[in-house]
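Just dropping this structure here.
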Amino acid sequence: MLLRVHDLSCARGGVPVLERLSFELSPGDVLVLRGPNGSGKTTLLRTIAGLQPPIAGRIEAEDGAVAYGAHADGLKATLSVAENLRFWAGVYGTGGIDAALAAFDLVQLQDRQAQNLSAGQKRRLGLARLLVTGRPVWALDEPTVSLDVASVGLFADAVRAHVAGGGAALIATHIDLGLESRVLDVSAHRAVAPVDALDEAFL
Amino acid sequence: MLLRVHDLSCARGGVPVLERLSFELSPGDVLVLRGPNGSGKTTLLRTIAGLQPPIAGRIEAEDGAVAYGAHADGLKATLSVAENLRFWAGVYGTGGIDAALAAFDLVQLQDRQAQNLSAGQKRRLGLARLLVTGRPVWALDEPTVSLDVASVGLFADAVRAHVAGGGAALIATHIDLGLESRVLDVSAHRAVAPVDALDEAFL
Amino acid sequence: MPELGKYAVWVLSAYGVSLALIVAIVLQTVLRARRVRERLDKAEARRGNG
Amino acid sequence: MKRMSLWEYANPKKFMATTNVVLPWISVLAAICLVVGLVWGFFFTPDDFRQGSTVKIIYLHVPSALMAINAWLMMLVASLIWLVRRHHVSALAARAAAPVGITFTLIALFTGAVWGQPMWGTWWAWDPRLTSFLILFLFYLGYVALWEAVENPDTAADLTSVLCIVGSVFALLSRYAVNFWNQGLHQGATLSMDKEENIADIFWYPLLVAIAGFVLLFVALVLMRTRTEIRARRLHALQMRERMG
Amino acid sequence: MIRLFSRDLTLAVRAGGGFGLGLAFFLIVTVLVPFGVGADTAQLGRIAPGILWVGALLACLLSLDRIFQLDFEDGSLDLLATAPVPLEGVVMMKALAHWVTTGLPLTLAAPVLGLLLNLAPAGYGWLVLSLALGTPALSMIGAFGAALTVGLKRGGLLLSLLVLPLYVPTLIFGAEAVSRGASGQAATTPLILMAAITLGTLALLPFAAAAALRINLR
Amino acid sequence: MIRLFSRDLTLAVRAGGGFGLGLAFFLIVTVLVPFGVGADTAQLGRIAPGILWVGALLACLLSLDRIFQLDFEDGSLDLLATAPVPLEGVVMMKALAHWVTTGLPLTLAAPVLGLLLNLAPAGYGWLVLSLALGTPALSMIGAFGAALTVGLKRGGLLLSLLVLPLYVPTLIFGAEAVSRGASGQAATTPLILMAAITLGTLALLPFAAAAALRINLR
């Protein structure tokens, strides 16, 4: 078991958004999060990544198991593609970046500054970062935004290779990725009443 | 004829990207731009919006005919939804914002600060701006990024209403919008040789 | 060497620093010219081959 | 045959060809004038009865201050040509001149300060000419920094041209401020042709040679740097083309 | 146009108290100097005009890069450039909004800080007057510098470098006016010169700034 | 970790000449003061230590908001917070990079500016020594302030407001050391106090800053 989420509730900006979510990810699993805009997918992923505390429930995962990919890519405009990637490889203490560059078709672009990439090329670079984290659980927030069909295919391949190697992925998306996956629709877990733990003192 | 592009070549960051593009938009037209990442869709739209000069060819459109919608939405995080929209309505000298709010299902959210919206909600607000420009030609760069299926439907409805009212739209996108439209694949127009006007002196 | 009197330090340092600055800018100019020229020649060669 | 227009030299190839021929001559001439002027001034002129040997600083201070201001004015002209006629060479020439101008400004500042200490009893005074000259120095720094900071060469040329126009106010002030308000410590015009009596011939001739040396040095350096900038642009263009595949 | 102005004001107020902070910075700079220089009151009084003007200038300077940078980053500037308003007008409005949020409050608060620095009583009127005449030029020059550096990451310091030389004349005349006023001399000449600078910048720089913006958006 | 440091340095250098600009700002501030205060050399010499220290402090201050803000905006900070490096280490590295790009060049250039302000010859050594000991504290305190205000739009001025009070002790001891040194007195006591402050901040503030970051990212 790589990640176990038990009876989780989470809030955004002080407002409870999702409640009573439970699911598990084993090696090889892909779980797609669905839900209309504003239903709380980003909130859930941030909570799982450890950026915000849950308001109730438990998240069980090994320390440093989750690699988070957010709406924003965290690219440095003045660094080249290779430099951006090498930085993250250094931070995560993993080795080379060549495999990551190749997987997202960035070899040609590797000396280009990130600011001179098109929207989709930037996104590919952002995704390549996942490969250099070396972490088993990918928690991705709309990874395929701005990608063309071919690049979505590259991404799907990367995910397939990752889970085949014993990893798992949790992906929030609105489109069809062409992956075999379970689906979790978060709109079924919309928080109804304000959870007491939050403002209980004032209610 | 709302927009006529004649034998246009354009460059990005000093590198020619597209060449010899010609097309026309009449009232009622929707033209979808396709092409893989980095093929030059954004460059073309910026040129048509007048943000950068073409390196060759002509763009014929009435002054102030084109409303541009970029990758970024230009929202002010600390203003509310209604305030953001009202500002643009003021700049373009058009009237109320209620129709625009209604068209993108933002009435509920109108007093929310833009920074507290989810990614898709922000995008809807960005699109609602188009309705308050009152301009006939919409030049949109991947308008449906982050939108869920229902919101993509809202967007398609808005475009349909716009062209039915005598407008036209030029939309760069990677997904299927469910609109009747002509398609222009820009990858057929990739610039091959550096267009001389640019650095001719140095080559 | 001319007799500079009590102002020797001033005059000499003025000449010293000025000449140093002139030499510095000339050197920088020449070195950069050489470097750019080499890189350009390499690029031309690549272009010729390719 | 049609008379060749001056603008022909705005074509990089033509420029490279011409300068390739004249540059060695100018460089040699510059070296000769500089050496003759400075050696003459330093070794073979008498001391001034009031200033003592410090008068020898004049052969460095006046030419460099003169050229520091002229360099900016040359950049102004080049920038205007670029803005109006879009000749790349003139934009690059302006860029090439800035570091040379900075060097001359530094020389003028340093020699002025070193001269001021014995003459005025202070390194520095906040009089109008010195002040606007210092501001000019800051403008030089800003100009170079702006060139460095912008990546697209044409954008950088445009932006720096705008800056250069604005900065010219101070270049002119540091030359003419003495005429506007006469409160500074600093010398007024001593070099205008009709006021030759202000300065004895014996100082005047070596000074003229030194000025000629600085002018020629400036021209030689700017030509050489412009050639380098043209090559760099060409390199850039080639790399762009490689990038396009 | 007026929309733009009022939006910028709203943003300044919402985003962490625009007015208050510019002012607070001014206050802190003026307070720091006695710490650094020592508390000899006569000497403080003598350097007060200069320090007050330098403080005002730095307070203006600090908020300059926000004039266009935020709008550039979130894409509003692209949209404004394609909107039916002249870019010169946009520049004017942004400079005006900057002045209202920094220059104006500084002017109003300056007398209080004059007290802290032991400014001579005769100087207060001149202080307020000179700030009122001079700070608009600071905002306009700042808008020009911001337009030149918009879109350059870390343009902030480059901006200071470009703008400060242009601030110097205003500073000189401003401080001169105050110190003359404080010592009881006539201070009209520097004030008139300063007003001339302000008018000149307001007349010319919007065009230069709009040109720079167009170049940077390209 | 060292990666982070070298990345920050590269970014500072790439983005418009990191080093040069911090320095240029210091230069300009020190140059402005005589414009404002007037050119009486004896008086300038007396206030020189204070002005130099205030100038150094402001030059540090100006680049503070970039310590975390850029990383926050482009999402890198979220990613760094989930990466296998302690956030305390991130803070230390960022403060170190800030010091190397501002404090260090300031220290090296200070003697030249002392000349402009007519500092007494005996003061130069103390000036350099006090800056070398004091500027690390400025960077560390600044990193703490930046961590507190990251994510607040227009946090820049709020940041100054929070940080300046913490800068005051360093400023006082620094200026004191230089002016004592310049007038030939023993300046070791203020220097030792300042060194103590620097050590204290370096030991404690990384933890506070990391905690503030965690809260702001939530």
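For the reader, a short list of remarks on this structure follows.
To keep things simple, chains are lettered A, B, C, D, E and F as they appear, and every chain counts its residues starting from 1.
Criterion: contacts are C-beta pairs under 8 Å (C-beta built on N, C-alpha and C of every residue); 3 or more make two chains touch, one makes a residue touch a chain.
Keep in mind the model is a prediction, meaning the values are calculated, not measured.
Of all chain pairs, the one linked by the largest number of contacting C-beta pairs is E-F.
Among the remaining chains, the Cα-based centre furthest from that of chain D is the centre of A.
Averaging C-alpha coordinates per chain places the centre of chain A 54 Å away from that of chain C.
Chain A and chain E have centres, each the mean of its CA atoms, that are 45 Å apart. Taking each chain's centre as the mean of its C-alpha atoms, chain C lies 41 Å from chain E. Residues of chain F found to touch two or more other chains are 15-17, 21, 24, 28, 35, 38, 73, 153. Shown for chain B are the residues in touch with two or more other chains, namely 13, 71, 77-78. Under the contact definition stated at the top, not a single residue of chain C touches 2 or more other chains. Contacts from chain F toward chain E in the complex involve residues 12, 15-18, 21-22, 24-25, 28-29, 32-33, 35-38, 43, 46-47, 49-51, 53-54, 57-58, 62-63, 66, 70, 73, 152-158, 160-161, 164-165, 167-168, 171-172, 175, 179.
The touching residues of chain E, when paired with chain B in their complex, are 2-4, 7, 10-11, 14-15, 71, 73-85, 217-218.
Looking at the complex, you find that chain E touches chain D at residues 144, 148-149, 152, 155, 158, 161-162, 164-166, 168, 172, 208, 211-212, 215-216, 218. Chain D makes touch with chain F in their complex at residues 122-126, 131, 134, 138, 141, 145, 148-149.
Contact residues of chain D toward chain C in the complex are 38, 42-43, 47, 52-54, 56-57, 60-61, 64, 99-100, 103, 106-107, 110-111, 114-115, 117-118, 217, 221, 224-225, 227-228, 231-232, 234-235, 238-239, 241-242.
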